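Chain naming follows the written order as A, B, C, D, E and F, and within any one chain the residues start at number 1.
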Amino acid sequence: MFFHRQELQHKASPDRPDAVYARKLQEVLGGQYGEITVAMQYGFQSWNAHMPGKYRDLLFGIGAEEMGHVEMLATMIAQLLEKAPVGATEKAIQDDPTVAAVLGGTDLQHAIVAGAGARPVDSMGNPWSAGYVTASGNLLADFTANANAEMQGRVQVARLYHMTDDAGVRDLLSFLLARDTMHQNQWIAAAKELQEEGYEQLPVPSNFPQRKEATDVSYEYINFSDGKHAAEGSWASGPTPDGNGEFSYRETPEKGVPMPPPTRPDARFYGTTDLPNVVEKAAGTVQDKLKKD
Amino acid sequence: MFFHRQELQHKASPDRPDAVYARKLQEVLGGQYGEITVAMQYGFQSWNAHMPGKYRDLLFGIGAEEMGHVEMLATMIAQLLEKAPVGATEKAIQDDPTVAAVLGGTDLQHAIVAGAGARPVDSMGNPWSAGYVTASGNLLADFTANANAEMQGRVQVARLYHMTDDAGVRDLLSFLLARDTMHQNQWIAAAKELQEEGYEQLPVPSNFPQRKEATDVSYEYINFSDGKHAAEGSWASGPTPDGNGEFSYRETPEKGVPMPPPTRPDARFYGTTDLPNVVEKAAGTVQDKLKKD
Amino acid sequence: MFFHRQELQHKASPDRPDAVYARKLQEVLGGQYGEITVAMQYGFQSWNAHMPGKYRDLLFGIGAEEMGHVEMLATMIAQLLEKAPVGATEKAIQDDPTVAAVLGGTDLQHAIVAGAGARPVDSMGNPWSAGYVTASGNLLADFTANANAEMQGRVQVARLYHMTDDAGVRDLLSFLLARDTMHQNQWIAAAKELQEEGYEQLPVPSNFPQRKEATDVSYEYINFSDGKHAAEGSWASGPTPDGNGEFSYRETPEKGVPMPPPTRPDARFYGTTDLPNVVEKAAGTVQDKLKKD
Amino acid sequence: MFFHRQELQHKASPDRPDAVYARKLQEVLGGQYGEITVAMQYGFQSWNAHMPGKYRDLLFGIGAEEMGHVEMLATMIAQLLEKAPVGATEKAIQDDPTVAAVLGGTDLQHAIVAGAGARPVDSMGNPWSAGYVTASGNLLADFTANANAEMQGRVQVARLYHMTDDAGVRDLLSFLLARDTMHQNQWIAAAKELQEEGYEQLPVPSNFPQRKEATDVSYEYINFSDGKHAAEGSWASGPTPDGNGEFSYRETPEKGVPMPPPTRPDARFYGTTDLPNVVEKAAGTVQDKLKKD
Amino acid sequence: MFFHRQELQHKASPDRPDAVYARKLQEVLGGQYGEITVAMQYGFQSWNAHMPGKYRDLLFGIGAEEMGHVEMLATMIAQLLEKAPVGATEKAIQDDPTVAAVLGGTDLQHAIVAGAGARPVDSMGNPWSAGYVTASGNLLADFTANANAEMQGRVQVARLYHMTDDAGVRDLLSFLLARDTMHQNQWIAAAKELQEEGYEQLPVPSNFPQRKEATDVSYEYINFSDGKHAAEGSWASGPTPDGNGEFSYRETPEKGVPMPPPTRPDARFYGTTDLPNVVEKAAGTVQDKLKKD
Amino acid sequence: MFFHRQELQHKASPDRPDAVYARKLQEVLGGQYGEITVAMQYGFQSWNAHMPGKYRDLLFGIGAEEMGHVEMLATMIAQLLEKAPVGATEKAIQDDPTVAAVLGGTDLQHAIVAGAGARPVDSMGNPWSAGYVTASGNLLADFTANANAEMQGRVQVARLYHMTDDAGVRDLLSFLLARDTMHQNQWIAAAKELQEEGYEQLPVPSNFPQRKEATDVSYEYINFSDGKHAAEGSWASGPTPDGNGEFSYRETPEKGVPMPPPTRPDARFYGTTDLPNVVEKAAGTVQDKLKKD
């Protein structure tokens, strides 16, 4: 169950409206790595978790916080839009190219659809999609996904920080940056603990019997580009992070295997083939079959 | 530049056609974590890379390999579909509920749209979307995204392994599992090397001056659920993975701040407000403004 | 702020697993009118609300309840999937066409992607899209949208009720049906109250000065089909629900106005036109302009 | 059958081209509540209708009118784009920041893809999606959906009215506003008539036997937020609009039920669990099963 | 303007319901090349046409016919669904694996969402998207798109023909096949006539001055794969269809040009770079700039 | 297998950065007819091809070239973004409306998400979708699709040519224009050769026995609009391109057939019907059935 309290975790008010910045801020609300994504992602991971206890509690705990972040950003965006100009007929706009320019940079649906309100979209207006969510049931994979989400999110907030000098906006961003710092650290710590406690190991999933994979290429770097420097990395020689092998390097792929012959599905799929007299024959086949239909 | 050779990196032929399994295999071709995703993701990361050398060469090298994996899976799927039944009018189907059941489990567009060919979709028929791709320009974030993609991909291939007993299909899957093992290890090694060489540190992005964030909550776990066990993890006390702090734990969020008052945008957005006599007044305002329009 | 409690509003456990039904239930979790839609819709309407007080409190109150419904359905689906078969290689499946049939009816991503977990998608596997959300800032329009959402939702749950005889599932559905009954009634009551209190009237938006619209066709039914019975309804004669007019009926549309002449945009858009000697002339124009470029 | 006449229902020509406004107008052509949505929605409702007569005739009649509105808007947009500048190399643009600003506000695909033509997209460039359409077969639910669509549409047109002072554009908008007034009134009248004639009642669907729902919570407002004012509305006490009950108010949700224990699906899904010695045991299980595979 | 008549162009009634086939038929209603696509495509091409007369009349004429095809297919699908089983609790289903299999092959939203009605989706449940529509303003390009659409559509209908033996369904399909034959022929004839009348030539767009392109590679086949047979086609030697050149063949691409050096955008984008002491320096730069912010 | 070489097929460097143009160029990278589309389309056509030899080699050969075009455009876009301004707080921007205008015209995700890098999206920010790809297995249909794609692509590049005067950008565009010229010619030549060699004929698919279609309307133009000029084209009289018939012209459609009666699906779908006393009766039916459930 979720309970709502009419308070915000942190102050979320700009010093002054800024409809262009409102659009930019949509990215971290409704984008691929926005707050809706992490709120839903941690939610689905917790509901699908196969073990009770601290890991699931962690997912529940951060998931609910992120729903509050969705709310803070939506609240901020609505305020940034409070003086959004209605449109091109304003006298001020006609006289002032800067104002005209501003209009060019706004999310038009903020005005036309939401009436100066926030929307569940990214900065280019794409509606949020659940295709962004990751929840596999394998916690080491999922915590790595979460660490990535918090990193991408913090990179985006950091970029947005420089796109405004509004102290109120920056105050909220500094709070979000701190929470992203915390959450990055937490998912990394949780991923490490999972491995130390033996629940999962590398390579993920660790309980698939590795002898079933083609072990001759499990630790071989095969270079399909002509860059010479890839051999210099720790991924081309030395022990592998999973502790199970030793990296090797192959500068050029081995000769491959021949492609299988093209397929010849049923003639009634009407694919183009090179069978002799194909039109007549296929038609014949078809007609033979049609008689039976 | 990309060059194509009419060979496959590994044999990709089933022992026998299986139209239902062809659909399942679409997931690792055209799904969120399928081969198209990693091929495009490593491509965009390399084209957007801001430094030459081993990291970019690594991206180029693996990216081109993944395009070859797209091809192997498409080739395999086309063969699995080679005997795809045309439809419900086949005599065998009418007599045999198992065959009828099989039809229910196929991707209908394999037959109707592609004529027994592979398609750039996932196992539920959703077309592949570039919304799956991550390429931020920050290599530590992106390599973490890549490690996650390889983990999710290997989990999915492992699951698919048990959904068939076709030796030819399993042979290809064992190859893909091995390459996912390799690539998981590589991205983890590369992420570690980036940090050791000082290009990036935690928290990502590391060159955003951390004093600008709200440091009082940078390392505090705030529990928004009522699970008691989240405090037991290494993410609630002790040093943080980024080496910059010490985790603390707060069982219940502090009292928040009051929500700001609702916004009052221009009356011409026709939002509902509680201004006294709102209809008349707003109408007045609108009409006043309309006169000027 | 949102707080999570590790309890469910109502029991959400099936009597027995049923992977096919798990897929059907996804519709009311992640479909156009599923619980994610209403949770997000009421959230965005509350964050964008322009007046404090009872209407906004209502949005906050129901919105948070709906997040709990998302959780109940996800929890139920995970349990329905608990015995989901891994795939076609199971001995029982090979012998039993009913089991084979079952597999054809499952959401393949439940197994391959989520490892027997719920997903933020509808019953055909389409990821939830924020394009389903309505939040215009005009409360009479939005409460009508909400009433519709609760109606569509209750219709779907009623249909789903007959697709199972599992007492545990039906128990949860009977709870959801009751809450949909409540919420339908609430939004209808709220829409009525808004009008009685004068915040909004029909036609929405009521403070747009109606004299600005083409009042000659504001209450005229114009029949663009040849059905004779449309004239029999209360929408073709008598007073209009907004109280501002009287319906009239026109059996056949008036003669229209001529279409404007086709547009002739800049030749450098390379549209096809019938200007005499168009290729030469346009080329000339282009070349003249190119010289200046 | 549909027949086309090369006339428009109303004049649809601007006084002067305005490429920025052309983009804004796309919202009511190809947006969530644009004319394509209502044309398709009324179409599918009529084709799926289960009763002949006045209601279906009404759907047919308005549906065909809306197709004509799609055409009027597309025609208007093409004319607004007639002088669309080709791009940044125009001399006028380089000298005039207002013109540069204008370019920033245009739909780039109007120029690059459509060559100064209308497109089936919204004002932010999202292609129209059939995910916007509602057609459930339950006419009371669907007419409520239609009333909402006409309200949202009229709100958007009203907003757009203030974003231009072009008399030709405003003339078309005043016509669309009037038709939205009519159609709002019609769907509300039709919904009322359906109930008066006993085809449907509240709660929708009315022929689901209400005793099958959890009637103890069918009319209880349960407040999941901490707003105190929700209790003041007509939705918290007094008779319910469906005439079947009496609203009650519960300030705080009852204690919920415990969450069910986490699920334990087949080990071959490779989810993370806390079973003792999970890696070894699960591997054992997997290997045992694999032998049988 | 569009007018609707309550008749169908051709009989559209199945001999018996078939819910599985109803789903298959969705492909040619709401798929990439279904009837909605061509109705909307010809519509937008006509509204955007830059010349009056026979070509535009042709677009208008066929476009309206296609709207009638949408209606015929929706009507047919609703009838195919008339006996759609409600679900798994039917006695017949429990006893009969064939019936169970049938359920696995249905579109679940036909039942749950549309109540046994047609939907604007394809056979895998993807909602129709306006991203399928092509309307460039260049008629030779667009007529080629139309010819392709009619070919793809006819291939799909031909495949569907063999997936049923219902005489009523086949009767409608035979009608659609004939109309696709007609429309294929028409667009090919129209494309030829456009060229003969000099409105457009190959290469499209023909009035772009070809001397502006890199004419040294305008007619050279450059083989990026290692297949030896591509040289054998009429596309590798001899005159080109546009009449402007002669095909030549290059077996191996020329050496390319070096990639440009990686970009070095502003440090405040937090991309990873190899500038010496990057963290310190970039931090310095950022902090310097922040002071000025 | 695909191999990558760290070279470009043609120089791809602008003379100067231009973040607004970078966004425009996204159209031909990640749009409906951008380079990702053709690379994937030719790939899937080749993997699904049913005949070896010159046609498949052609698909492989051009497909790999197009992947290199993706790379050239991504590389160009990254350079165009190299001096992308971070945001509105730059001093230069505040003083200069032209710079402000520029910001309004950029792709905000270029900055916020990609850190001044290319993205797999179109010029309006829509992510590339595999829904753009065509690969039916019928080569005459598919080569026509390919000819169309190259035409649409060349039209778009020609338009983009006039939107910049940067010599470096124009140099790349002139190269792409030439390759589009080549590829248009090749697909047209290949389509012609397929027919001459008898693999496919018009109408596509040619081996469907045409006597099975409703031959009375196979070559009849039926005019559903009131334009008088459609009869003047070569598509209304004379021999048909497929050589099988003679065009005829019908100015007005024949009288259609009556619509079938509305469907009456199971009452448990809760559709609205006009059966007498429907509520009671249907409820009765439902309750009878529920007893058996």
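The rule we apply is simple: contacts are C-beta pairs under 8 Å (C-beta built on N, C-alpha and C of every residue); 3 or more make two chains touch, one makes a residue touch a chain.
None of these values were measured; they are calculated from a predicted model.
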Weigh A-C against C-F on C-beta contact pairs and write down the one with more.
A-C
So how far apart, in whole Å, are chain B and chain E when each is placed at the average of its C-alpha atoms?
25
Separation of mean Cα positions, chain E and chain A [Å, integer]:
27
Return the residues of chain A touching two or more other chains; collapse runs of consecutive numbers into ranges.
1-9, 32, 48, 53, 55-57, 60-61, 63-65, 68, 75, 78, 86, 89, 97-98, 100-101, 103-105, 111, 113, 115-117, 121, 124-127, 129, 131, 136-138, 140, 155-156, 158-159, 162, 165, 205, 208, 212, 224-225, 227, 253, 256, 263-265, 268-271, 290, 293
Select the category (line, ring, star, complete, other) that matches the graph of chains linked by touching.
complete
In the complex, chain E residues that touch chain B
18, 20-21, 23-24, 27, 31-32, 96-98, 100-105, 122-126, 155-156, 159-160, 162-165, 224-227, 253, 256, 261-265, 267, 269-274, 277-279, 282-283, 286-287, 290
Taking the complex as given, what residues does chain A use to touch chain C?
1-9, 30, 36, 40, 43-44, 47-48, 57, 60-61, 63-65, 67-68, 70-71, 74-75, 78, 113-121, 127-131, 133, 135-138
List the residues on chain D that touch chain B in their complex, please.
155, 158-159, 162, 165, 268-270, 289-290, 293
In their shared complex, at which residues does chain F touch chain A?
1-6, 48-53, 55-56, 86-89, 97-98, 100-101, 103-105, 107-109, 111-113, 115, 121, 124-127, 136-140, 194, 198-201, 205-209, 212
Complex interface listing, chain E residues touching chain F:
5-13, 32, 53-58, 60-65, 68, 75, 78-79, 81-86, 89, 91, 111, 115-117, 126, 129, 131-132, 134, 136, 138, 140-141, 144-145, 147-148, 151-152, 154-156, 158, 161, 174-175, 177-182, 184-186, 188-190, 192-193, 202-205, 208, 210, 212-225, 227-235, 240-242, 245, 247, 253, 255-260, 263-266, 268-271, 292-293
